[in-house]
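In the two complexes that follow, subunit A is the common piece, with subunit B as its partner first and subunit C second.
Showing the complex of A and B:
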């Protein structure tokens, strides 16, 4: 819609950009952004405006403000991964996805906050502090939670965004941009999307280039897309997907961007409900929501059946072994020699390495490096790493068996509960939390499958709850069609944020969930 | 070819303290290792066992996984791409030419080329390894189970050449590291990453050799093969060919002894010297009741001995892990090539095999057949850069028969060049001139002494 508005001249790219930038300023307390690229954004907006004046916009995304998670390289702009190790590191090149967005005329408003090096499920463990869920300040939450709101209560009651792409989710949710790029390794795009009431898409592994994405787990990472509606996600996907010669793990086949039908039809589809996803700790209201959703599909004529993915319960453990092993390997390059933080220690190269890495990495990162190196030791390799890969294959096989038996899409919850208050969340350590929170999302990363979280309803506490759809490899079109149908059915309420209202948002919040397409 | 090893043999007889047993008679054989080889080398009773790890820099325009250029002696850190410097977010992209070079080399060494090979990460921390790991092929390398035939002289006589074979365990593709220059006066290390990421072929030779001479001959032949293929320029002085030797000794009939690894060998001559020194050192040590440590030693060319390397403490666990950013390397042959595949995108083993040039052994055989020269002549011809061409040019332009020409080339011209440390290219006498001269000689218009003077 906003794209149409730009084309029709109802609003100019510069105005749009300025509004987003000032909204970012008023929502600074969310801490969603690490870097706000005000100057370059305005410049890009001006260039876009020029193109619109000439009647030659580059495409749907021309002039649209977007945000990018701070683990993607952006040329000339600081890229920190929310870590001391890369504080002040100015990327010399653009990640492929960033380049593609810029080539389409998108306006980059800033780099968003995350857990350090994308390790975490709360966006609470970065060196720039935690990200606050915009819904903490929504009328919906305030009504349900603290009838008398005096500032102390307000402070202590704010809830997390989920993670690790919390900044991107918060940015989209609070209308400071129209789309954001995150990353998803174990659920890092879908988890915060669910908690922040936005759409979070994890594409099939190999569909979108990882060149320029600072890796966590090379064999599972994908760039993730966060938007306010499913149609927008489809548009962004169309612009980002495709083979990249710079990334040897992208598939060679040409990608055909698609448009979703206006009136999606799910009556001929088979929806699978994996029983193992009824995990311990799943909130009863989410279970109820999940059932309700299944019923919706049934009523529409779809075939809804219970299926089994028997190895689901092993996936978290395998994930930890494989993730830490790859982390240990990927972090080996941070030695303070070529770039990034370097300790002042002068005694020897080894002591410099040790000090640099101790100073540069937080406890979460260091912990994973140590575990990973342990698993990769010669005497442990077979028992841990190889075993985990073998179980990984079994997990992937579970999915292909179910999809092979005629099921088109799986329907599961995205998270076990709604967003936790920050003070509660931090009572457990990162590792424990990750193990709990990733449980419904990370099998899709193990198997490389596409998955999407769609906002479904508000919880008892007035916070968003999302439901997840998992599809067949490279069948994003089918997956997003189902997601769009579901989105239309549930009519998820828009966030009611004072700050947003104040910023005159006829364009920003045209409808319940504003989209740009 | 290198001077034959009579000199070295004597050093291995039992040292002080033991009875000196007579050296057994050398006999021509194709024996590999064991007692036969020991006897040939005059070793009684110790059996030395020598294996080699040869790293050959691939001759290509760009590096193995990145587009930066490959040049010798460029200004420091001027040929470094983002990937080479391990900047976060960069990914490896395999260089096709490097794969072809490895396949060519594998075929030339009679290996089985693996249609599917894998890449792995080998982790260790060092200033010249920016990523903290090297990408190599530990699990399934590109080529395995080959052989290399080479010749050594018997009794210092070129007329008695023996063909030996060393098994090639495998050839793997891997990255070269950067270079560290230690500046002890300022307590600092300077790192140049120009070489980081350059493609290497590691050729692993089984411990089938028994002495420095054999090792040097094998490496020389490998060098000639690589240069003929063009897969590597293989110039040791420029670091394009590096050799590490694995040396051990044992009593015949007993299991192999503990081996040491010898590094920092910069020429064929030093290779032979280092190996022979190490064999002698081990024998001496064991005869004095000592033990051999499984260690890495560096060769000191000035002193002519091997010294333990201090910074290799304990065994390193390299924490090998599959390289997740590179899918398995799939190669095709005529049979397995799918019909609809773009030929530009794939490497076809059969078409590489068809385009292989004549290997040195074939070239030598052809020279012998075509010109009627002796086998050892053909060795010398191929051994000197450009000499074969010179010889053939002379033969084509002169009336003198090749069998006679060769004498002039090898005895007169070559010894003159050697005396004055000149290469064939720098010869003051061109092939045209020599051809003319020899024609005059043939026609008896000048005397042979006069010709020699010229």
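Showing the complex of A and C:
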């Protein structure tokens, strides 16, 4: 809608950009952004406006404000990964996905906050502080949660966004941008999408280039897409997917961008319900939502069957080993010599490295590096690392067996509960939390399958809950068609942000249900 | 099994992250305990999986120089440098041993 508005001249790119920038300023308390690129954004908006004046917009995304997670390299803009190690690091190049967005004329409004080096499931462990879920300030949450508390109580009740792309999700959810790029290694795009009531797409591994994405687990990372509706996600996917000679893990098949049907039809599909996803700790209201969704599909004529993925509960353990092992290797590049933080210790190379890394990384990262090195020791290699790789094959095999038996798409919950209040979340350490929260999203990363989280309903506490669809490799079109059908059925309510409404009433009126497709 | 001091020392040297305090050791123990659950799974005869794209051929491009010459940009990010060299403190000096 916004794209059409830009084309018709109802609003100009610079106006749009300025509104988003002022909205970012008024929602600063959400801490969704690490860097707001005001000057470059306005310049890009002006260039876009010039193109519209000449009647030559570059495409659907021309002039649209977007945000990028801070573990993607952006030329000339500080890229920190929310870590002391990279504070002040100005990237010399653009990540491929960033370049593709800029080539389409998108306006980059800022880099969003995350867990340090994308490790975590709450966006609470970065050095710039935790990200607050915009729904904590929505009328829906306030009504259900604290109708008669005073303002200091309200301060402590804010909920987390989920992680690790929490900043991106919060940015899209609070209307400060129209689409955001995150990364997904264990659920890092879908988890915050579910908690913030936005659409979170994890594409098939190998579809979108990882060049420029600071890696966590090379065999499972993918750039993720966060938008307010499924159609937008399809549009962004169409622009970002495709082979990249700079990333040898992207497939060479030519990607054909697709448009989703206006009236998607699910009656000929087979929807699988994996019974192991009824994990311990799953909130009863989410379970009810899950069955209601299954019934919706049944009523529409789709075949809904229960399936089994027997190794689901080991995917978290497997992830733990593989992730820490890859992290130990990937974090080895941070030694302070070529870029990033460097300690003042100068007695020896090794002591300088050790001091730099101690100062630059937080406890979570250091813990993972240490565990990873342990699992990779010669005496442990077979028992842990190779074993985890074998379990990975079993998990991937589970999925291919299910898809091979005729199931088209799997329907599962995305998270076990709705967003937790920050004070509760931090009571357990990062690893425990990740193990709990990633349980439903992790397996799709193990097998490299595409998955999408679609907001489904509001919980008892007035917070969003999402449901996840997992599709076949490289069948994003089918996956997104199902997601779009579901989205239409559910009619998820828009967020009603009170405090922000006071300042920017007409911005919200204009953008409340705005999509750009 | 408990993590011995030798292993910890060895790990510190390999990982080059400081985690000498008891909290670090405890974390590691818990991580190992968690990972031990893997042994419940029977993986006889299963090939380890390196990548989900294993059925495809790796893309190789022609051996032509397509980019480079970015010395100036790259040197901007380094803190200690002399002309076009990165400066490191003296090497080959091992870390002090862990005493416990």
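In this text, the second predicted complex is superposed on the first by the 501 of 517 C-alpha atoms of A that agree within 3 Å, B and C clash if a C-alpha of one lies under 4 Å from a C-alpha of the other, contacts with A are read in each partner's own complex, and residues count from 1 in each chain.
Here is the rule we go by: contacts are C-beta pairs under 8 Å (C-beta built on N, C-alpha and C of every residue); 3 or more make two chains touch, one makes a residue touch a chain.
The structure presented is a predicted model; accordingly, all values stated were derived computationally and were not measured.
Undergrad: I'd like to know which partner A:377 touches here: subunit B for first, subunit C for second, both or neither.
TA: It touches subunit B and subunit C both.
Undergrad: Per the contact definition in the header, classify A:320: touching subunit B only (first), subunit C only (second), both, or neither.
TA: second
Undergrad: Based on the superposed arrangement, let me know which partner A:455 touches: subunit B (first), subunit C (second), both, or neither?
TA: Once the two structures are laid over each other on A, A:455 reaches no partner at all.
Undergrad: Under the stated touch criterion, which partner chain does A:367 make contact with: subunit B (first), subunit C (second), both, or neither?
TA: second
Undergrad: Give the label of whichever partner, subunit B or subunit C, reaches more residues of subunit A.
TA: C
Undergrad: Kindly classify A:494 by the partners it touches after superposition: subunit B alone (first), subunit C alone (second), both, or neither?
TA: Neither subunit B nor subunit C is touched by A:494.
Undergrad: Touch check for A:245: first (subunit B), second (subunit C), both, or neither?
TA: both
Undergrad: Could you tell me if A:393 is touching subunit B, subunit C, both of them or neither one (first, second, both, neither)?
TA: The second partner, subunit C, only.
Undergrad: Touch check for A:337: first (subunit B), second (subunit C), both, or neither?
TA: both
Undergrad: Is A:447 touching the first partner subunit B, the second partner subunit C, both, or neither of them?
TA: Once the two structures are laid over each other on A, A:447 reaches subunit C alone.
Undergrad: Touching subunit B in one complex and subunit C in the other: list those residues of subunit A.
TA: 92-93, 219, 245, 248-249, 328, 335, 337-339, 349-350, 353, 373, 377
Undergrad: Using the touch rule from the top, collect the residues of subunit B that touch subunit A in their complex.
TA: Residue positions touching the partner: 82, 85-94, 121, 123, 125, 127, 130-133, 189, 191, 317, 319-321, 324-327.
Undergrad: Sort out for me which residues of subunit C touch subunit A in the complex.
TA: 3, 7, 10-19, 24, 27-28, 30-32, 34-35, 37-41, 43, 46-53, 56, 58-59, 61, 70, 73-74, 76-80, 86, 88-95
Undergrad: Note which residues of subunit A are touching subunit C in the complex, please.
TA: Residue positions touching the partner: 89-90, 92-93, 205-206, 219, 243, 245, 248-252, 311, 314, 317-318, 320-321, 324, 328, 335-340, 342, 345-355, 357-358, 361, 366-367, 369-375, 377, 383-384, 386-394, 396, 431, 435, 447-448, 473.
Undergrad: For the complex, give me every residue of subunit A touching subunit B.
TA: 72-73, 79, 81, 86, 91-93, 95, 210-215, 217-219, 245-249, 325-326, 328-329, 331-333, 335, 337-339, 349-350, 353, 373, 376-378, 381, 385
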